[in-house]
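Letters are used for the chains, namely A, B, C and D, taken in the order the chains are written, and counting of residues starts over at 1 for each.
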Amino acid sequence: MVPTAYVLVLSAVLFTIGAVGVLVRRNALIIFMCVEMMLNAVNLSLVALSNQWGNLTGQIFVFIVMAVAAVEVAIGLAIVMAIVRHKDTTNVDEINLLKW
Amino acid sequence: MNLHLAIIVPELIIVATALVVMLADLTGRAVSAPPRWRGQLMAGLTMVGLIVAALLTLVQIGLPVQDIQNLLIGDELSRYLNLIVLLAAILSVLMAWDYLVHFTRMMAEFYALFLLAVAGMMFMGKAVELMTLFVSLEILSVALYVLTGFHRGQLAGGEAALKYFLLGAFSSGFFLYGATLLYAATGTTYLSEIAALAPGGFFTIAGLALLLIGFGFKLAAVPFHMWAPDAYQGAPTPVTGFMSVATKAAAFIALLRVLLATISVPYEVWSWAIAILALLTMTWGNLAALRQRSLKRMLAYSSIAHAGYIFIGVAAGSQAGMNAVLFYLFAYAFMNVGAFAVAAQLEKPEFSAAQDADISATRGLFGRKPLLAVAMTLFLLSLAGMPPLAGFFGKMYLFIAAVDSGWVWLAVAGAINSVISAYYYLRVTVSMYMYEPSEETFVRLPLQMPVSLAISIAVAGTVLFGILASPWLTSLSRSVVALAAR
Amino acid sequence: MTLLLFTVLALIALVGAVGVVMSRNAVYSALFLLVNFATIAVMYFMLSAQFLGVVQVIIYAGAIVVLFLFVIMLIGGQIGPVTVGGRRYARLLALVLGAAFLLLVVLGLGAALPPGEAPLGAPQAGSVQAVGQELYTTYLIPFELASILLLVGMLGGVVLARRYRELGKD
Amino acid sequence: MDNSGSILLSLIIWIPFLGALILLFLHSDRRLKQVALGTTLVDFLVSLLLLVRWQPTGEMQFQEFFAWVPRFGINYHLGVDGISLFLVLLTTLLGPIVILFSWNNIRENLKAYLVLMLAQQAAMLGVFLALDLVLFFVFWEFTLIPMYFLIGRWGGRNRIYAALKFFLYTMAGSALMLVVIFLLYFRAGSFDWLELRQASLDPGLQTIAFLAFALAFAIKVPLFPFHTWLPDAHVQAPTAGSVILAGVLLKMGTYGYLRFCLPLFPDATHRFVPWIAGLAIIGIIYGALVALVQKDVKSLVAYSSIAHLGFVMLGVASLNQQGLSGAVLQSINHGLSTGALFLMVGMIYDRRHTRLLSEFGGLWKQIPVFSAFFVVVVMASVGLPGLNGFIGEFTILVGAFQANRLWAVLGTLGVILAAWYLLTAVRGMLHGPLDNPENQKLTDLSRREIWVLAPLVILFFLIGLFPNLFFDKINPSVDLLIRDVQGPALALLLP
């Protein structure tokens, strides 16, 4: 069996990679993918903890997070599309009408 | 199972109103009613829903605390939050009433999303379980992302939405991780159980820290504020007014609930974190506002600064501090939505958000529209914290609470910040009173009835709330919990 | 045995994650994301969360990544390879912050968790029935709230996707 | 006759506010002016009732009490004693005078102007009458708002700078005071002046509180290094604004020292009194020297204010009966005489649209009534025996002499300098040949203008000849104040 700690550490590493990705990348789509990766990393923790504690709360939480992620993706990509129709870039540095 | 559904009747009414608005729109289209007429109908329906919800909330005040399966709680805190959110929403809908027709035909969608955002905030104020809290937070966030980008005719709106969305989603990640760590510490997501188990140690502290980051983003606290000026500037002005007040209110209440649950983290630890956040937020917000030329962007930075002031009350942690936070949020709802309402009247319809009304657009406003100028002056002076306006009393209660809890330096920093902020608020009054109207001066004429009503209500609130609300403050104090003595 | 499998999966997930961040082309990022999601789905099965494993495949791999790819393809010609961020100091800062965060969390986790293996629930713990039972009783409210959230998402999608027309031209 | 439980003080404060509200609904200029003048006159007459029903005691009287925010013990608590009595009367007297003065020379936005004047008056009265620290602070800060707009909208060429400087300076000064008020509340348990006066605060708190209060008041007075807002504000303000500024607003600072700093923080007072005296003396000499070289009459009067207020502060610093009584009386004197000076400068400015000394000369031949009034006003300001200024300055110097001889000597130097620059002004304006053709068309004072000045001149003589009418009411309160200040210090000397 896999010790919970290992899963949590993996999850923390994935979360950090995602967070760093958000900070270093300038492409809105990739930033967004990194955010999704962060949510996923947390989900992994939740599932492992659900086992650790022997209740289903963590798994329910994951289910809820998936719904949230789905909505966020729908809205986020729609926003990106709306912008691209105006201006042909997804590079957030080029989107500089307002200061970043 | 305890399903006291009565406690969420106001929320349900808001959600139902959103559905009614959409259905009414379909009907309106079916009979091909003219767009303007449809817009009035939507706004009217929204208004009715908001007012009914507010009345029901008023009826609930004083009732005993009840909960639904320990997930949602109907206590005084949540009822006062409802009132703050609904007040801001009512004023903003009045503001949007005639503003919307300038840039969109999707009135029904606007009002429906607006109502759902309101519902999300109200649920957030009631949520006492981390999943429920998270979903409520997402409801209001997603609705606001869309509302921010609602002005489809301009690039700035879309960009504001994108930035708001990306950083909002980013912060959701932190929020979620924080919640997960609290679950890791206790094996439960119920705040009451987390508080009862009260485990100390790494998980709780780290969980609270990550949740604080998440809340920091939502509250636009420095250094998590990068999205706020753009989102506030790019959003349609009624949305800006609404979200600058109501989102803050909901997030602060949720923050209080989380702090109440993480009982094992010592007061000395988290209050210092909050105090530093308060100091950074108000100082940076005010300093950045000094340099702004756009009226809306200046108000955006000012609302960052105001989150800093409110943090002072949280750092105090006492019952007086919590009272002060609620009191300030009420005062803030009047004065800030009022200020944005006036700002909205100074925008030319063809303005895109990237070049919205400069401060110079208020030049000589006193000569053109004296009443509008006087109203704006009252809002600005109140935001600066001048007596006898509501903003002064709000700050006063915050500072009293801070001094009571030993945070004298924080109160001093707040007072000094008020002086800094006075400079940029006064610049607007200088422009309004001490110059003659210029070419750039633009006032949307005629001033429509709904927005006049909104401004009048806001003026009345700004002037009278501070002076007359003292008995109310006493009743408030009975019901609000103290953090420090958790 | 399972530990070995876990290690392999973890490495794949990490490669996927790093790939998402480092890829020059958004399409590759999306594909790496798919790898990451898929390995996590397998891990869900290992952690006896069968229902979530299936949902993970359907929602993340099936819907979300596809949606990403779809958008990239739709606007793809225009974005091409996007260079990794401009400001060097900002990237450095992000890396330092990330490293510090990771160090803190991993150290803390090591200290906070007791050694030993996770007590495993019943084999059927994460089945559709079990999850469904909880979801529709104990956590009915968040579930219902999620439906409001989906309503918001639907409305938002409608608003954002509708082609913008100048007023007066419709 | 017991006068507690009367609502006289509330009436005095709220009548101008009520008048301002009524003004909002009027339209004709004539009616506006009539109502404003009527309001201020009624307010003045009501305030005279204070004299009628006055009790010969130094304690607070006409007290009103009403719990405002019970949770924090914030009350609507008003009261008046010998120290504030004449400041209140001065404020209500200057009200109708400045409105009468503004009768014809405010042409735009008369309504806003009058509303602001009335609001200003009400707020200043509130400052002098409030006995609750929070209430006091509310009025104190509120006084900024009308004056800011009066300067900024109706002021001179550099008005915006002056208005902003005035506002921000004063607000910055009082920011600390606000926090310290709360600190006092938690250490001493009350916002109420009467209770705080009974409480004995620990020395550390006294020092902090004294410094915070003293800073706010020093900016208002203004004491020497904090004075830089004053010349700007005074010179740029419209005449009526200058009169209110010099006549009443500055007195809020000296009053603050007398009412709060001295009795509430006696230990700290003793520690810092030499500093205050030092700054006051620097102010006296600096103000006088700078006034000497001014070319603009209004600037000259503005700088003379710094010098005169230095005198008042010297009296405060002497901490004895003569000094303090003199300070109270000299506050009134300065309000009357400098107010009159600003009015007369305003009158000549309305005619000639210049205030440069070099533009005038020989006015005595052309406008004798004006000149006569001017000489009397200047003499009052210089401190000619028989007029009010003499009484005030002399009493202060006696007090200062008892406290520290050097102070008195340096103060006397200030008197001489004051005579010098004011007489220079008189000579430059009234004497010499009437060689400027512009001045040959000048008209003398109108009947309205005489009405404006007459009450002030009458009071010069009244105070100058019968000072005890005033000292009788001031002294009992000053005695109580001295008991508060000296008590702990004397107690320290005892074994």
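Keep this in mind: a contact is a pair of C-beta atoms (placed from the backbone, for glycine too) under 8 Å apart; a residue touches a chain by one contact, two chains touch by 3 or more.
Every value quoted in this text rests on a predicted model; they were computed, and no experiment measured them.
Novice: Using each chain's Cα centroid, which is most distant from the centroid of chain A?
Specialist: The most distant chain relative to chain A turns out to be D.
Novice: Give, as an integer number of Å, the spacing between the C-alpha centres of chain D and chain B.
Specialist: About 43 Å separates the centre of chain B from that of chain D.
Novice: Go ahead and note the Å separation of the Cα centroids belonging to chain A and chain B.
Specialist: 26
Novice: Let me have the rounded angstrom distance from the C-alpha centre of chain A over to the C-alpha centre of chain D, please.
Specialist: A distance of 65 Å separates the two centres.
Novice: From the mean C-alpha coordinate of chain C to that of chain D, what's the distance rounded to whole Å?
Specialist: 70
Novice: Please list all residues of chain A that touch 2 or more other chains.
Specialist: Within chain A, residues 8, 15, 18-19, 32, 52, 54, 57, 60, 64, 67-68, 71, 75, 79-80, 82 contact more than one other chain.
Novice: Touching two or more other chains, which residues of chain C qualify?
Specialist: As it turns out, chain C has residues touching two or more other chains at 105, 109, 138-139, 142, 146, 149, 152-153, 156, 160, 164.
Novice: Multi-chain contacts in chain B: which residues touch at least two other chains?
Specialist: Expected reply: 131, 134-135, 138, 142, 145-146, 149, 152, 184.
Novice: So which chains actually touch one another? I want all the pairs, not just one.
Specialist: Result of the pairwise touch check is A-B, A-C, B-C, B-D.
Novice: Please output the residues of chain B touching chain C within their complex, sorted ascending.
Specialist: Going by the criterion above, the answer is residues 1, 15, 18, 22, 68-69, 71-72, 102-106, 109-110, 112-113, 116-117, 119-120, 123, 129, 131-132, 134-136, 138-139, 142-143, 145-146, 149-150, 152-153, 184, 201-203, 206.
Novice: Taking the complex as given, what residues does chain A use to touch chain C?
Specialist: 1-10, 12-21, 23-27, 29-30, 32-34, 36-37, 40, 43-44, 47-48, 50-52, 54, 56-57, 59-60, 62-64, 66-71, 73-75, 77-82, 84-85, 88-91, 93
Novice: Would you pull the chain B residues touching chain D in the complex into a rising list?
Specialist: 366, 370, 381, 386-388, 392, 396-397, 399-400, 403-404, 408, 411-412, 415-416, 418-419, 422-423, 426, 429-430, 433-434, 470, 473-474, 477
Novice: Which part of chain C faces chain A closely enough to touch in the complex?
Specialist: Chain C reaches chain A through residues 2-3, 6, 10, 13-14, 17-18, 20-21, 23, 26, 29-30, 33, 36-37, 40, 43-44, 46-49, 51-52, 55-56, 59-60, 63-64, 67-68, 71-72, 74-75, 78-79, 82-86, 90-91, 93-95, 97-99, 101-102, 105-106, 109-110, 113, 115-121, 125-126, 130-131, 134-135, 138-139, 142-143, 146, 149-150, 152-153, 156-157, 160-161, 164.
Novice: Contact residues on chain C for chain B in the complex?
Specialist: Per the stated touch rule, the residues are 104-105, 108-109, 111-112, 137-142, 145-146, 148-149, 151-153, 155-156, 158-160, 162, 164, 166-167, 170.
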